[in-house]
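Right, I'll just put the structure down here and ask away after.
We just call them A, B, C, D and E in the order they show up, numbering each chain from 1.
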């Protein structure tokens, strides 16, 4: 398992303007739920690259495995989750690359938070209700910087809170004394405590209303600019992603079906599912348009059929779709920075004009 | 006396070993009163190492003359309405004061003044002292109650005269004439130590610890492990469980008195309202088996058809029945029933009215030996074709309702001992105790009515001369044997376990100088009889 | 602090109810202490003396139940629990104060030990669920289901009678007089070991199971995952985050389980001839010693109440959410 | 604007919850959560009224008040212009026959232990009579069941009737919930965030279904959401709620495209907008500078409840509560900025839609 | 409801149910199965297990196996009756308190807390000892009357959370009557909780009854396992080395209790799915050498072939 790097199909070296060396590289990650005779194969050989300073949006409908991907990459998936294959290469602040899945427990523990921090989907419940905010901020810092004094750590905690716009006197508060938005921000402050390379945010704002959501995301983006970490932002709200992310990866049924720069995805979705997703939410501005939606329901992950998982719902379905699983690859047009897993595009002879899927 | 002192370890004082007496009486509270029922002194028995009686009866041989103890003599008049008590000279209280006739008079007066203290219910009339003797008169003849007077323990007037209410006083600093004084007291154990100035000489056992155990099992364990060396509790299979642990030293002695256990039969309800059936049942009960199985052979079996325990009752035995012994006779019993008009339907016995004979045997749950006996009696009844069932009932209910009200068909109960068989027979069949069914009776729970017997019992108690008494007792025994008012089951002996490891001189089969239990007035005698074991 | 206020009202109410139940139950039901007493004496008291006993115990006067209830309260408020029938004329208060410390001491220590050990094992099992540690569960269920007295008696038979390692009965060497001395305290510990051991053995399983379940629930809470994600040392996650929160429901059921514990005590004291309040109660019940019965039951209930209050307080200290509940 | 009597209307609807969970019979009556304060609403046949507002603004409370599930503190609910009678079981049942509610969460609003058949049969039996007059049963019931499922596009009906909720997808569950509401043949549907728990792709199906019901059956729909874009798409009229009070109301298109009230503007600016290439939305939010949180409902600020967060707020705003002011026909806003009062704030005209800047809103 | 029966796949539950079924069978047909009349005295006094007496005899030669077989009924009947009565009261109080809320809830939960705090066994002893004839049924009812509080408490909490659930509200919005809301909407969702409370109470009742019999508070005439131990203890079975008199009855009690606890495990796992998902496959995991861990997802590369 040498670092014979760029063989994975998920890595596109020639990506757009933010092209830099990847900080996080997920390769062929597979995850099962259930240990028994018939496990659910939730993730199938998922690959993903996150570059330095980039905001990568992970979109897809509920249950397609976005959270699973985030948790599995850090080995935080609770039982009965089981990682059945793949590698997760992380380049630490010191420049060392390491496969998180191959690290010993102690090494992994050391890497967590220092290099990769997560804000969870249920960030509201991510704070231990019986400890003061201060303690929870500090113990993460002290666990990694044992030589730092308590007072110094406390100083740092106050600073972190100010960073996310909460006055330092709330350090002495218990989580239940904070509003939902404040708790969320405390979590973000906590995640940034050690200035990690990668910040994974799993639907950090679904429980909040739009005003709060906007505020928090603004803040994160601003901090990213200041501190230079990369963000994986998970949500199924595509319009949000299009607005804030640099690149978007669209997941469907445990697979990444398309990755491309955010604008490209929005304007020219190449995968029929991406197109369906984009055609499902009404625009707030601009002309009212007919909304197409996606008929049917996502497949049952525990009973995978051969072929493209989207085949049953796809308006462009072809015979090959039902028998052969499309792999993530360049489109025939070889668009820069775009990978798609769809026979419609990948099986076309090179140079052929790609079908336009956009309903608008 | 509770000087606390050195705190006491297991072995101290004069090289002699501490003697541990065990009682299964549960948690104790500090109360050294020799009067209050339930006081720790009475419950554990150390009261009897501190306080002594007037005369020492041999309860193992009730007919023996009582020995002088605190009284040199007790003289009764002809009709037993007056007793003249002469105190022993040279007795001192443990606080040094001298024991006098006034103390005796005072002690008896206490019983008269406070009904609650008169547990023997003696009908005191006058109590007078003339300096050297005390004369007590009664409102009725006390022939049968002599022993109750002898057993009265004496308390010092100079202390108790100041006690406001002797019925409730806890007697924090007990002063008695006995060989021991109280040393320490804890809820688990009371320790008494020997007096140097005891009138009977210095006791051989320097220290006695009266330990309280929560129940029979705990005490049994303590006795078998040697933790306690003297006590009494029913040990099933005592041969194996107790004696076999140390056959050389462990002993159990059952001193038969005149008390027995009786299967009370309800003479006023079916089927025991029929003499024939009572007789028949009496004939089929196997008393040897009962004793062996139910009491592990502890209680001596009754042999005389008069129900009198032998040898204690030897001299009261009516000549008519001198040689007649109980014997199982199923055939005879069946014949007897047949004569009385009983028939059999298959195996089942049918009475002359044409009803099947069934009855219920009750006793409190948990009274192990009794219940086991009932089970065996049930089997015996089955040999006659009668269907019996054993119904263990709530103990308190049994005491409160079943027994006094006569709400049973047959039940086991004891009789008092006493110095003569009068108590025993009176308890079973005295018409003087008769109460209608449902009204509480104090004795004669079976509601037996026989004028001859009632009169004979009255005569016996009041008779001035032995001849009258003998005649009366003969009548009583005749009625008992012929009418079968209740079925005598076994002797109810006073049993105790003791170890000869450290001390010898205990009452035993060979030397039955008294009954062997530690709780009772005999304790003083036993303690004074103990000697260190050799080696 | 509304929370505590409410609890206090509740405690007052419960105390009142306990006192009232306590008064009525023995009186509403049939049975008579004198006959019971006579029975206990088995012929040692002449039956003619029965009447004198009635006079003594004040059972012959016919005062109304209500009057008795009022009198009862009057006495209670003066700290007077009456005189015991069977240990006549010892005040019930004396008997109770003589036996209560033993029970509280032994049971308190044993229960706390059981709670601590059980919670620790449960923490471990819950944390390591799905491993060999799960094999301990059936053992735990077995011990949870064993009748206490059976366990106690077998322990006595083996450890005390056969091996002779421990005394089989009593709360300290019978030759000793209670004093603050090394010898006496040593003796108390030595004598208390076996009873405590059985109490711990039979109650530890409940805590193990409860704690394990709570651990399983809590360790999949987000904040535990966050603790992992923060890279905290495993011990800190397990004890500081998971166990710290999982123990909260345990504490509140600890309080409520004290009632059960006391029930177990009663049997323990009977089996080990321990001089505690449970056995005293049992004795009182079987002799219809109303005042003693009432006294014991009352004191037991009140001790459980007090223990509950302590546990409540501990809970409030442990869980900040209750402290500010309705501020 | 339709001039017909609204089928369901609320005037000055008010709901105060007791603070602290309301379980303690405490002596502190002053502490109340002003969840809804003087809300006016009108629901017309064949129209959808959207109620938007951030979390905790009282949307659900309004719905539950209208459904008669919680007692009203103040104001009136008018059914067909007459005061609705909710007291007593008969009256209540008659009321719910006409006004039905759909709950936010399709995963929670169906009892997991009952199959679809039970859920729907109960609703049918409660509200429909057999043609002969008795309780609905037998073939007629079966037919009604099938018809109901078909109405929510769950065909063939037989495939669904015997399923348990956990065997259905979220969208299917929500359809069952809607079918249950339709069983009563209601005139009003109160849909409390009917799609917020659902996936983007399923959302649309449900919204289309509701629109279809409105058009086909002429049902009046109250559509509660905090997704303002869907209000624009789906509702005829939109009412904006903030801290229990109506901030603005008007036809959906103009409310979303030319918001009058500063709060509505904030809401719209905050909504993610992929077409907003220039990031004007974000800029607008930054410009509005509206940090801070919604006001405490226990002690609502005097005056306009949005004043503490409003960049334009003046002393007037902070001191006096503005009434709804009709700005243009059919559009009103509760903002002093549109009044003629002394010291009114200058709310200007902030439009977030660059394409639509020309639209005028009389100030 | 396949999901609800899922717990049957659990080894623990199956073990529990098998043991329980065995004892139930004994309780039903025991008197016909028992080789002897348990009261039948014989000559074989206190004999160790033998071909004629598989579990030996007691001090009067009664067959202990027969006593255990016949005694099963007493134990189970009391457990059942106490369990049922306590559960009924618990459900009534708990669900009512949880559903009505307000002052009714306050007083009902105060009541049940009170019953929780008052020490139960002493109270039972107090009551049982006073009753003129405390037969098995009486004891069961007393246990039931004092043992409902725990269940009520749990049920109240559950009902409280259920009452606020949308589906109850939805049914109400549909015009359902209150009693129907309770019976048809709330109660069915509580079955697992009720069942687990029931099993718990039965366990407690069995242990209480056995204890009461053992200390002789209740009649020892009806055979149950506590009665056997009562006789054994009173006749110094342990001191006499008669283990066959003491051990089997105690083991039966423990086994029964264990079976009930195991069944309860299964029910618990329905109530708390987290317990289930982990418990279910633990063994198959171990076989594959995987240790499921919190916080460190196992990585098993070779699995997918």
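Methods note: a residue touches a chain if its C-beta (ideal position, glycine included) is under 8 Å from a C-beta of that chain, and two chains touch if they have at least 3 such contacts.
These numbers were taken from a predicted model, which means no experiment stands behind them.
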| item | value |
| --- | --- |
| Chain labels contacting chain A and also chain E | C, D |
| Pieces of the assembly after leaving out chain A, positions unchanged | one piece |
| Between A-C and C-E, the pair with more C-beta contacts | C-E |
| Between chain E and chain B, distance of the C-alpha-averaged centres to the nearest whole Å | 47 |
| Mean-CA-position distance for chain C and chain B (Å) | 39 |
| Distance from the mean Cα position of chain B to that of chain A, given in whole angstrom | 92 |
| Computed distance of Cα centres, chain D from chain A, in Å | 33 |
| Multi-partner residues of chain A (at least 2 other chains) | 76, 78-79, 105, 108 |
| Multi-partner residues of chain E (at least 2 other chains) | 129, 131-132, 233, 239, 278, 285, 292, 294-296 |
| Multi-partner residues of chain B (each touching 2 or more other chains) | 221, 224, 396-397, 401 |
| Residue ranges of chain D touching chain E (in the complex, touch as defined) | 23, 25, 64, 67-69, 89, 92-93, 96-97, 100-101, 103-105, 108-114, 122-123, 126-127, 164, 166, 177, 180, 183-184 |
| Residue ranges of chain E in contact with chain C within the complex | 12, 110, 113-114, 116-123, 125-127, 129-132, 150, 203, 207, 210-211, 214-215, 217, 226, 229, 233, 238-239, 246, 250, 253-258, 260-262, 265, 268, 272, 274-275, 278-279, 282, 285-286, 291-292, 294-296 |
| In the complex, chain D residues that touch chain A | 54-55, 169-171, 199-205, 208, 226, 228-230, 232-234, 253, 256-257, 266-276, 279, 281-282, 285-286, 290-291, 293, 352-353, 355-356 |
| Chain B residues touching chain C - in the complex, by the definition given at the top | 4, 7-10, 18, 20, 26-31, 36-40, 115-121, 167-170, 184, 186-189, 191, 209, 211, 213-215, 218, 221-222, 224-225, 227, 259, 395-401, 404, 414, 416-417, 442-443 |
| Chain C residues within the chain A interface of the complex | 130, 220-223, 225-234, 236, 240-241, 244-245, 248, 318-321, 324 |
